[in-house]
Each structure stands twice: as C-alpha cells, then as structure tokens.
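Structures for review follow.
Two complexes are shown next, each including chain A; its partner changes from chain B in the first to chain C in the second.
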Partner chain A sequence: MSGAVNMTVDGRPVQARGGQNVLGACLEAGVHVPHYCYHPGLSVAGNCRMCMVEIEGQRTPTVTGCTTPVAEGMAVRTSTPKVRAAQEAVLEYLLANHPLDCPVCDQAGECDLQDFSFRHGRGQGRFHEEKVVKHIKDLGPRVKFWGTRCIVCTRCVRFCQEVSGTGELSVIERGDHSVIDTFPGIPLDNELAGNTVDICPVGALLSSDFLYRARVWFLRATPTVCATCSKGCDITVETLEGEVQRVRPRPNPDVNEWWMCDRGRHDLDYVASPDRLASALLEGGASATSDVVARVAESLRAHAGRVAVLVSAWQTVEAAWLAQRLAQALGGRTALVARPDVPGRVYPRFRIEDDANPNRAGVERVLGPAGGPGAGAVLADLTAGRLTAALVLGGMPRWEPPPALVAALERARFVAVVDILRGPLVDLADAVLAGAAFVEKDGVYLNSAGRAQRLRRALDPPGEALCEELLLQRLLAALGHWEAGEVSAGAVFGMAAAAVPALAGLDHQGLGELGRLAGVAPSQ
Partner chain B sequence: MAYEPVLTRFFGGFEAQDLDHALAHGVYEGARKALAMDPAQVIETVKASGLRGRGGAGFPCGAKWGFIPKTDRPRYLLVNADESEPGTFKDRALIERDPHTLLEGTIVAAHAIGCETAYIYIRGEFAYGARVLERAIQQARARGLLGEGIFGQRGRRLEVHVHRGAGAYICGEETGLISSLEGDRGYPKLKPPFPAVEGAWRCPTIVNNVETLCNVPWVFTRGVAWYRSMGTEKSPGPKVYGLSGHVNRPGLYEGPLGLPLKELIYSDEFGGGVPGGRALKAAIPGGVSMPVLTPAEVERCRMDFESPREFDSLLGTAGVICMDETVCMVDALWNILRFFHHESCGQCTPCREGTGWIEKLVSRIEGGEGAEGDLDTLLAVAEGMCGRTICVLADAAAWPVYKGFVKKYRPEFEDHVRERRCTVRGRGA
Partner chain C sequence: MRPAWVEPAASNQPQRYGPRGGTAHEDVFGTERTRSAEEVPRRFSEAVRAECEEICGRYPQRRAALLPLLRVAEREFGCVDLGAMRLVAEVVDVSPAHVWGVFSFYTHYRRPGTGRHLVQVCRTLPCELRGARAVWERLRSRLGVGDGETTPDGRCTLKRVECLGSCGTAPVVQVDDDYHEGLTPEAVDRLLAGVLGA
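And now, the complex of A and B:
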C-alpha cells in the first residue's frame, strides 16, 4: 500500500502515497478542504460529511475525501458547484442546533465552525425551530464540555480510545440528542486529556485553565520545546501581557506527533512564581548584575585550579558549552546535575519519559565523558576540600537539591549560583545571578533521542534576570577569556558545534521548526 | 388463481415450532440437498433462481454470497431479524411460526459461504421470537441438524446463536447490526470495506434477511424452474406482503412478487378494500421510508422491485400501509418523521441534524404555525440530506418528504400553511 500515486487536484498534478485518502493527499498538497472529524493522528470516522469532493468520472455526485482512497490517475475537484452545495448544506445542519454564542465562547477566533461558515456557509440560516439543548459540564478536572456547541465529530472519543487508550469518553444518546459524556464515576482525568481540547474543532471541549483568560487573537505564539521531560515535545507557548496563557503541542512526526502531556502543559506556574529571582544577590542582598559578575569572576579566579562547575540538565547546549569554557579557563572541573526521574508512562501512542530533564543528552555531549553523568567525584572533591569553589548553573524548577550536594557546597569556600527560583542553593550561595526559565531564552535542547531542537524566547526574564549564555559570556569576559563581545545564542551554538564533534554540522537556522538528529552518539 | 403458499404455509398456528412437525412437512429437505452440493454449486443455484434479498433493497442473494473471498479467516453469517421498519411485520411471523425453515435457510447459506458460526440478530422487542428460536436451535442441535457433524457429515459444524438487539432501528442496517453485535454503539460503518470482505470482527460476513433465508430452501426442494415460475423475470419467487392501515382485512398475505398493489388492497383474497366504503387517499408500498403512492399510482403499481420505481418509489419490505380520505397527509408525514428523528443514530451531520429539523418543521405546519417559505425550506433540507451520509437512513427519512408526501400532496401542505390549521383532521368521520 505504498509507492507514489499520481493524481490531480483541481487540475494540478499531485503526488500522493498509496493507501492515503483523498483528503489527506489534498491537505498535504496544500489544498484547503474543510473538514471536522478527520484528524491525521486518528482513525477515519467519516461522520461530519464536510470534506466533500468530486471525483471526475464517478457515479456518486460527491464523496467524502477522508473515506476515499487515492488512485492512480484520479482527478479530484474540491470546489465544483456540487461540492459547494454539499458543504453549504452540511454547515447549515451543523449550525441548526448550535447556540451561535461565539461572543462568549473561548474558541472564537480559532473555531473551524466559524471559519468554515465564513468561507463555505450560507449567509443566513433557515432553522427556525426550537433547538436541542445538551449538557454543559466538567468532563474532568481540566476539561469542560459544552454539549450545545458540540458537532459530535468524535475526535475526542477516538483520541481517548486510540492515543491515550483510556477510553473515558463516549457518545451517549442518539440522533440530535447525541452528546459526549464520560461513564459514571470515571472522569476524563488522564495525563493526555488536554489534547482533546486542542483537537476539538469547535468550542465544545475547553480547557478549565485557559477558560476566559484571553481572546485568542491577542495571544502571541512562540514555537519552542517543552522542558518537562526528556521527550522534548514541540510546543507553542502563547503569551499575553508578559505571562504564559496557554501551551499547546506543535506537530512533529519524529517527536510528539500531534500531542503533548498535561504535565508539560501545566508545568509553567513557576515562571511567574513570586519566588522567581529578579535580580542578582550578593550575600543575600540585591545587587547590580555587573557587580556580582565582577565579584564572581574575581572569586573564581582566586580559586583557579580548584573550581567545580556544576551544570544542570536544564541548561541549554550553549550555556553548557560556555560553562565548559569557563571551567577550562579556571582549570576547573565540570559535572552534570539533574532532577531525579519522575516515572513516565507509556500510552498506546504516546510515551512520557522518566527523565525529568529536557537537555541531559545535550549537556552530556558538551561536557563529554569527564563531565560524566554522575557528579559524585566532583562532590567528593568538594567535600574533601580538594575543590574549594563552585559555580552552579541550576534553573531546575521543583527540584530539591540532594543533601550530598548541599553538604558539599557548604564545605566550599565560595559558591556562586545561577538560578531562577529561590531555594536551598540560593540560600547558601555567596553570590547569585538571576537566570532565565526555558520560555525566556533562545538555545538548543537535545531530547532523549538525541534530536537537537530550538528553544525560542517567548517572554523576557523578570527584572534584571538574564539568559545564562549572556551571564556566562560576561563572566568569561571578566576573566579575560572572551573576545567575541556579547553574541547571540545562535552564534554561541555555532562555536559549540564547531568544537563539539557530537554537534558537528548543526546550526540554529538548520534546525528549523522540527529540529534535527545530532549526528554522533553520546560518548559513554 | 391457484397460488400455493409456501412461506406462510404454517401461519395458521404454531405447530411448526416443533421440529417433528416441521420434519414431517419436509423442512430441512432443502438443506439436505444443498449440503450434498458443492458450495459453489449452491451459490450458482441461488444465482440461477434470481432470489433477491427481502430486507428491502432487493440485492441478488447468490451474488452477495459470491462476494465472500477465499480466505482462511472465520466467516460469519448474520441473520437480520431486527425487523423494525414501520408497517413491516413479516419476519416476526416467519420466526414465530416457522423457525425451522429459517434455520434451514441459515444452514444452506452457511454452507454456501463456508461459515461455522451464524448469529441471528433479533429485534429486542421480539422476546417471544427469540425464545422460539432458542428452542428451535436446541431441537435442531439435539437432532444433529446444528452443532458438530451436522446432517451426519463429520467435520462439518454450524453453531447458531441468537443475539437480541436493544431497541434501535439503525441496527437493522447491516453494518449498524455488525457494530451492535460486536458490542459497540450501533453505528453503521464506512463502506468499503463491504461486510463480505470485512464485516463482523473484521472477518468476511454475509448479512441476510429472515425472509430471504426462508426462501432459500425452496430453491432446492422445488428447483430453480419452479422458483422462477412465480413473479417476474427480474423479481422472481414468492413474497410475504404486509397490509396495515385502512383496509378491511389487515395482515400478512403471500403471493408471487409482482402482484398488482390494487389487487393486494382491494381483492377479497387479500385486503378486501377500504373500510366504510371510504376512498383510498394514499398507500405506502413497503415500509414508511418508501415514498407514498397516490390512488392513481396504486392502480398501476405492481409489487416487485421494478414497478414502484416508475412512481419514484421502491418496493422496500412490501409492508403496505393504506390511508383513507380521513387521513391528513401532513399529519401522516409528521408521524413518519417522528420515527426517523427518534431513530437516527446521530453519526452523520446531515441525518443527525436534518431528521430533527424536518420533523419539527412538519410538526409546526401541522400545528397551524407554518409560514410562507416553510415548504421550500422543508424540501431543501430534506434533499440536502440525501446521498451525503454513511448509511441510507437519511435518505429514508428524506424520501417520504420530497419524493412522497410534499411532492404528491403539496396543495394539502399549502392549505395548512395558508389557513394556519390542519385542514383535514376532524373532517369526515
């Protein structure tokens, strides 16, 4: 069922794959065919009847594109009078019992019912009967349901059957009383449930977290990568007035397909936490960043040859490489610190990784075998007094530093910490620099499969806080080891890629929207 | 006319529920003959007989069996006993009064398609029929007609299970039936794949109507020539006709296919005419989804799979509903649309939303709240439902509107709109 199939769409030659359906082929060829129930990540239901096309030479007047397999020489027409009449009719049926409550509906602005009605519908409805009113209820703790707006496309039902495999949702009742519901006592409460909101083409399934927070057309969308586990789901972070309003998955066939988990979706509270560091600190008091940089550089130089540089698995490739440079400049040693595993979960068609760190693979590749996965030897040397100063690049939310690490740092004579949140390390540090959360910086993460993907800055770091790769460049400059002037994360990455064999051939631009596999396997 | 009833020969009582009685009257002889034949020969014989499905669509039975692919996978025979089209009550009688002939036809069909497991999907309300079938199956098993080594042939087996539906008209649609049997919502499935290739549990499956299977044994006991001696060239064989509504003698009658509808309604042998000497106003030829016929059309219509097409209608199940002059056509249509509104499975947009819409519209017109333009909307909405859904329930709901009542009795609908009341009810009797 594979191999190329040559067909035409509206007279234009299109090459489809054998076994593909007409709708999928049209969409991939960039031809807009309106549809609701079809989703490339789900089985074909064929129930909305919206994706009508005409196949030249076929007996039936119009067919649904999603249920029609492509065939060699097939000539598809997507906008004939018959097709338009069918689309118009289906839209009028869809709106018959719809409440037309767009002004108070969260989906307005990104609603396929609105958009297709505008593009393909009649100007005026002819339905003057009493509408069927269906239930409005919480399906689970984070998903609200408006049965009134539902078009019963069953995307959500199929998602829970096929992708999460949890099967909480079903259609109950029949005919125009058909409505989505859960089974008694079993709410929609799986870790992938948020995806049902994303794939709902109308305003039926809505996120309790986002509900009434913003009109979607005011949101600024930034494509980036999720940091919650090492899977590295491609996401879009949507912000308004300096705050993250919503996080949604971006399709990437090689990473997360169309989905992401709710852990990642709801893991960003810390970004706006009152515990965020908004300025540098010197001995506990707020201080100018430039003063603290100078002080840290001076103190580390004083301990040259006895410096530990600890790099967290949340730091970008760029920051890790600069940290490595810093360690070299100071004759110090590097080590990786990471959050402990959080049990992941394997769903039928989605996997949440155990490793609760987004860039362990990237930091490991940069630090090399000496940087090692375990910080044990470095900590032992700190504890034993063989290393006397430490620079910690943290930035890991919801992280309790292990007692051994805290004890080792307490023995050090000078500790500098770059972090984003107050916590035990900040409390014990002599100098603190305020860093950036992952949504506040550019850079590259490598996921557990070794795919290099770009982080993009969706928000500015709070107050005086700065991206780590800038802070590190300033530290290097203060130590006289940085001649480049302050450069962008992309430029730093270019230097890192030239220096680290595992990153050879990669650059920011070349990673594009979907990233690339880093060529060389990590050294053991 | 010396017509010898075969399908309804036991309709006088319930004696044939008993296996001994059935055997004494030659039931299972056809199966014995068919089982001595090659499956391909059985299919060819049924093709030659011209037997067409009696569930409503009239699809050639032998051709359907011939679609079963050669495969090692299990094959299933599903007996469609989910009879629920209003005006249709033939299968119920066949099940209750002649269960062994149904089992006999099932045995022949199973042999033809190489199936060892058959399910009789029976309408939930037919509780009695389900008990009758269970008992008949037990009797047949005890006598070696079902189960292991049937008809004394080692290695040949057939298990027949009775599965009761849960009260949805749509489960009589063959793929809806399959979904329901599989334990899912009774949603009709996308075609292709057709059931013969991929049906129940994704295995090759044949779905046959009860009356179709009751026809099958006769093709083997009496032969193809005898079978074709009845009915027309394209619609041969015997047929059970249902007659209800305004006729003097409602009930089930057997005759050859192609019987003039006029004869069925008026002849003393059958319906005996309209009560009280009133005039016939309309007749539905075969279940309420088939477009209604006017008295003039009734005069000319024959009850086979071709003739009703001349009047933009179809034979369907041949469950005829007669309406005399006291019946309001708007009211009659509303009644029909209430049924389809209630029974739409809700899967496809046009049917889910359209069946309710047209029902409410007609209800409003009947209630004296019709407005100008309503009839045009009604026709447009009904036509818009057609040919755009997974199964034909939408068409079945829309045909009575735009091919039947509104098309053929439009002035009466216009009167309702103009006078803002029902212009028929209360008039006459």
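And now, the complex of A and C:
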C-alpha cells in the first residue's frame, strides 16, 4: 500500500503515494481537477461524478479520479475532449434542478458550482421541464439548508458520521427527490456543526450567523489562531468595516486538520462589545495613555521590590516576556492567572480541550517555574502586605476573577490593570491601560501540545487601546529599562527566543502559516 | 437591519420557483406524512427482541440487518413510523437519521396513514411498454385517488413505484404481499372487485 508510485499527469511525471487515489495525487501535484463530493478529510463517496479523468490504455472512456487508485506507470489525462464532455454533461445535470439564485446566495463568490460552471460548463442549459423543488429549512440552530441548491454530494452527511460521530444528517428519499435532512426532533446541534457549512461546495448549507451579512468578496481574510481553548486551531478571521464577520478554520494537519468547533466561531462577540475599554483610565476617568503610562511607571517604581506582576494565559509570548522583564526591573514577582477549565469534548476525530486559555503553555515557559503556575504564593504575599503593588495583564473575556484575587488586589496600595473589557479588576484598579483582543494583535501563542503559532492582527484595537507589547515597552522605557525604541512583536519575539531556552531557534518568519513545536530543532 | 425579503421561507410548504415555474413535489414518498405523524414511543417484546438478535446474527455487521428489521417493525406496529425508526436505530446501533434515510429510499414499507391495502403500480420502462399507464389510469379513476393518496374509507393506498422486479410478467401491480401480473384495465376491474372489495 505504501511507497512511491510513479505516474504521469498530462504527460508530466508525478510521484504519488501507494494507496492514494488519482484525484488526491493530481491535487497534491497542483493539477486542477474539479470535484464536489471528494474531501481529503472524509471518506470517498464517488457520487458527484465531476472528477472525471482519462487513463491511457483503459477501456472505460473516463473514470472518477477519487475512486481510482494510483498505479505504477499510470498515465492520467485531465483535459481531453472526452473528459471535457463528461464534465460538461455532469454540470448540466447538477444544474438541472438548481434555482440559479446566485444574486441572493451567500455562497456566491466562493461557490464551486459557479466556478466550475465558469471553467468547465457548457454555458447554456437545455432543461425544459419543471424543476424539482426541495425543502428550505433550519437543520439546527446554527445551520440553514437550501435543498434547492443542494447537489447531494453528502460531504455534510459523512462529516457527521465520521468526524463528529453524531450522525444527525442523512439523505432521504431518492433519485431527483434526494435531499439532506435530519431525523424529526433531532436537530443538527453538535459543537462541530459549523464545519458542514464550510465543506458544503455549494450554497446549500449556510451559517445562520453569517446569513446575508456580507458579500464574501468584500471580506478581508487574516490567518491567525483561535483563542477559545488551548488546542489553538488555525483559523481565518474575515473582517469588513472594522468588525469580525466570520471565522473559519484553516487546515493544519498537526493541529485541527480541516475543522474547528462552534465555540471558537461564535466566541468573538466581546471584540465589539460596548464594554470594551477604548482609552486609558486614571482613578476611573478617561486619561491620555502617555499620562497613565508615566503614572503607572512612577507608582510601580515607588513600590520597587514589592511588586506583583500577574500575567494572564491569554497574553502573547511577547507580552509575557516583557512583563517578566518589567518584574525583573522592579525586583518584583510574576504569576500566571488563567480562566478556569471549561469541560471540553472528545469527538471521534476532533478534540475540544478543557483548558479555556490559548497560551498557558507559552506564558508558563516564559515566566519559568518560579513565575507559575499558581498565583497562590504571590496572592498570599499581597494579602499579607509583603507585596504592596500589582500590575495585572488580563485580557481574558468572560472571566470572573476569583474572590481570592480580588481580595488580594484590594489590599494592595497600588493596582494597575491592562485589560480589554470592563470588569471587577478594572473597577478596583487605580490605573487602567486599554489593551488589544487576540484578533487585534500580532504575536505568538503556544498551544497545549507546545506548538508555537502566530497571531496576526485582523482589526485595529478600539479608540486609544494598544497592543500589550507596545504598552509594556513604553512602561519599561519610562522606567529606564528599554533601549530598543518601540519595536514590533516580531522583534520582541526574537529577544524572547534568545533569552528563553524553551523558545530557542524560533522566530516569527520561521513559524510560517502552520507554526512549529517549541523546543524542537528546525526541521532539516 | 436586514430587509424582510431576504428571510428564507420558514415552512416546507410547496413554493413556486423560477420563471418557468417548478413546484415542490407532491408527497408521493409519504415522507411528509411520516414526518408529521406524532412520534409514538415504540418497544419490541422480549420475543421480538430475540428475533431481532437472530436476524442481526446473520450478518457480519449489525447495520446490515436494517432492512429486515424495518420489516419486523412494520409487522409489529402496522407501519414504520418515527418511533419505530428510532427503535430500529437503537437495535442496529446507527443514528435515527441513517434509518430515516434508508427507510425513505424504499417505497415498499408502509408509512403511517397507509390504508388497509397498499397498491403499488410499477412505472418502470418494461411495465410502461406493456401498458402500465392504462392500468394506472384505471386504478386511479376507479379508486378516485392520486399517487400516494388513500381512499377516504381508508381501504386502499395507491402509489406508483419503481421496478418491482417482475419485468417478464409486465405490467405488474403489487397488492400488499402479492403480485398481480400481466394486467389489463379489465383485469384491474376484477382485482378491484375481488381482493380490494371495491
């Protein structure tokens, strides 16, 4: 089954893996073969008949590439007259009952029916009968279904059988009446349901959340990492007019394959919340950021030797390293604070982690064994008055600070908080600096497997808010401990990687699109 | 604000579509009738459970027993309804949606609301060539019901189905478990007077 197989695709030599199918080999070799039902993350169904290819020397005029295993010496042709005629015919059938309602369809612009019709279709339909009209309904709370547009490729059905293992979807009836449906009373409501919308090659499955929100060609896509749990799914955040419109997974074979969970998709409301901090605050009133930075630096200096620096597990590696530098400059102590676990879930081929923090691993590695993991000793010293001032780097949405932390900070004589949302800590702080949500900054997160992955800025922070690594550089500069001038997150990461053994050899550029395991030498 | 016109139709009611028309299909599969019947919890007796296990044991995988178990459910409950499908799903260890998909593929299971007699008229090509249309027209006009419909007295449900596998004796009509072969409109009259008591 395994081992290299030598074949040609359109006369070009291609090396495939044994056991692979012809379509997979063509796609991996960069040869475009149109297809609907085939998805590299799902079993092969062979039902859309779109991926026709011609194999030299075979009696069958054309075969489906997805169901044909590769063989040594095989010569595949992807664009012969026979192949093109087959593709045209298949597309004409697929469009026979299709309503062609592209102007009001969310899939328009990223639709394989549109794109393949453009590239491979015959341009005119000859279907003069009445169209069969199938149901339009909600399959579940987050997924809507247009049977009229469906080509019954069964990607969504196979996803629910194989990846989520929940089996809510099925094809009911048969022939041209075939339609996707749920069992009455059992809606499509698993936490991976949103993936069915992503893998639908046409406009049949659509997200209730994104419905009619934007034309997709106006969206600006930014590759980044999900912050909802410590799995660190690779995602694309799509924005328009300064708001997140849609979040979709980015394939990464080592982290999330092609998928993400619905928690991550729908976890971003807080970014545009009216409770977002848009300016620095001094004793509760809005103030210029520069004044507050100066005031915080001055106050922390006054408490030198008795300063606690609390770093949340939502801060980037860069911010954590600068916080560590700040603590060293002030003779202070660091501790990690994190959101409590939220029960995760294990599906047959996807796992949602319990740890509801995206960068616990990164912050722990930067702060070192002395700085974490528990904040207990630092809180005890704050409560006992041995530590008298605190700087809290929060930035954790939907977080209720534990009473012990609030009580300890209430005992401190000076508290500065860097945060993104109003909350109990902001209320009790003497000085507040407005930080950035994870979609508003560059940086690095380490997931629970120790994989370093890049966050990229998809939006600007609101108002006067700034990324934490900039605020910390300004604080360090005000304390006379920062000579570098204001530098980017990438430059800060370079310094951190040089100083922290667990990050040795890593840099922003080298992490690329898919990240790299920290503590492992670059691959040969 | 989203304009009102963009909301999709909330119901599954038939709707017109496109300049040349096109209508939602009539419920010839009985799917809507099955869906809209209130779900009644169903249970098999110990003896039937044992029969199910025996049937499952004939196949390498339990799910392979799905079709014969739907027959068992049909026999036990008089039709295959939602409760029966949920029960069979549990017995063969697949999702209820999977059973729903398999069940609705076939025309020969009795849906909820099926009359005392189920009259299935083959409409596939060999029967069509041998006069199935005339047979169908006679049945339809005599019973006064259309495809997938049941007579008001609940005696007969009439439907057109794909190949019944008896092309050599076309045209064929299946009444309950029996084939009636080589039919003509006159033979239909005799069939109606006899078995169907119409």
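Simple rule for what comes next: the second predicted complex is superposed on the first by the 519 of 524 C-alpha atoms of A that agree within 3 Å, B and C clash if a C-alpha of one lies under 4 Å from a C-alpha of the other, contacts with A are read in each partner's own complex, and residues count from 1 in each chain.
In this section, a residue touches a chain if its C-beta (ideal position, glycine included) is under 8 Å from a C-beta of that chain, and two chains touch if they have at least 3 such contacts.
Everything numeric in this text was worked out from a predicted model, so none of it was measured.
Clashing of chain B with chain C is the outcome of superposition onto chain A.
Of the two partner chains placed around the shared chain by superposition, chain B and chain C are both touched by A:130. Of the two partner chains, chain C is the only one touched by A:212; chain B is not. Legend: residue contacts after superposition of the two complexes on their common chain; A:61 is shown touching chain B, with no touch to chain C. Of the two partner chains placed around the shared chain by superposition, chain B is the only one that A:96 touches, whereas chain C remains out of contact. Once chain A of one complex is fitted onto chain A of the other, the partner contacts of A:186 are limited to chain C, with no touch recorded for chain B. In the superposition on chain A, contact is made by A:44 with chain B only, not with chain C. In the superposition on chain A, A:174 contacts both chain B and chain C. When the two complexes are overlaid on their common chain A, residue A:148 makes contact with chain C while staying clear of chain B.
Taken together, the two complexes place residues 128, 130, 132, 170-171, 173-174, 177 of chain A in contact with chain B and also with chain C.
If you check the complex, the residues on chain C that touch chain A are 2, 6, 8-9, 12, 14-15, 17-18, 20-25, 29, 31, 35, 39, 82, 85-86, 94-101, 104-105.
Across the interface of their complex, chain A is touched by residues 168, 170, 185, 190, 341-350, 352-357, 360-361, 364, 371, 377, 380-381, 384-385, 387-390 of chain B.
Note for the complex: chain A touches chain B at residues 44, 46-50, 52, 60-62, 67, 86, 89-90, 92-94, 96-97, 126-130, 132, 151-152, 170-171, 173-178. On chain A, the positions that touch chain C within their shared complex are 99-100, 104, 128, 130-137, 144, 146, 148, 161, 166-174, 177, 181-186, 211-212.
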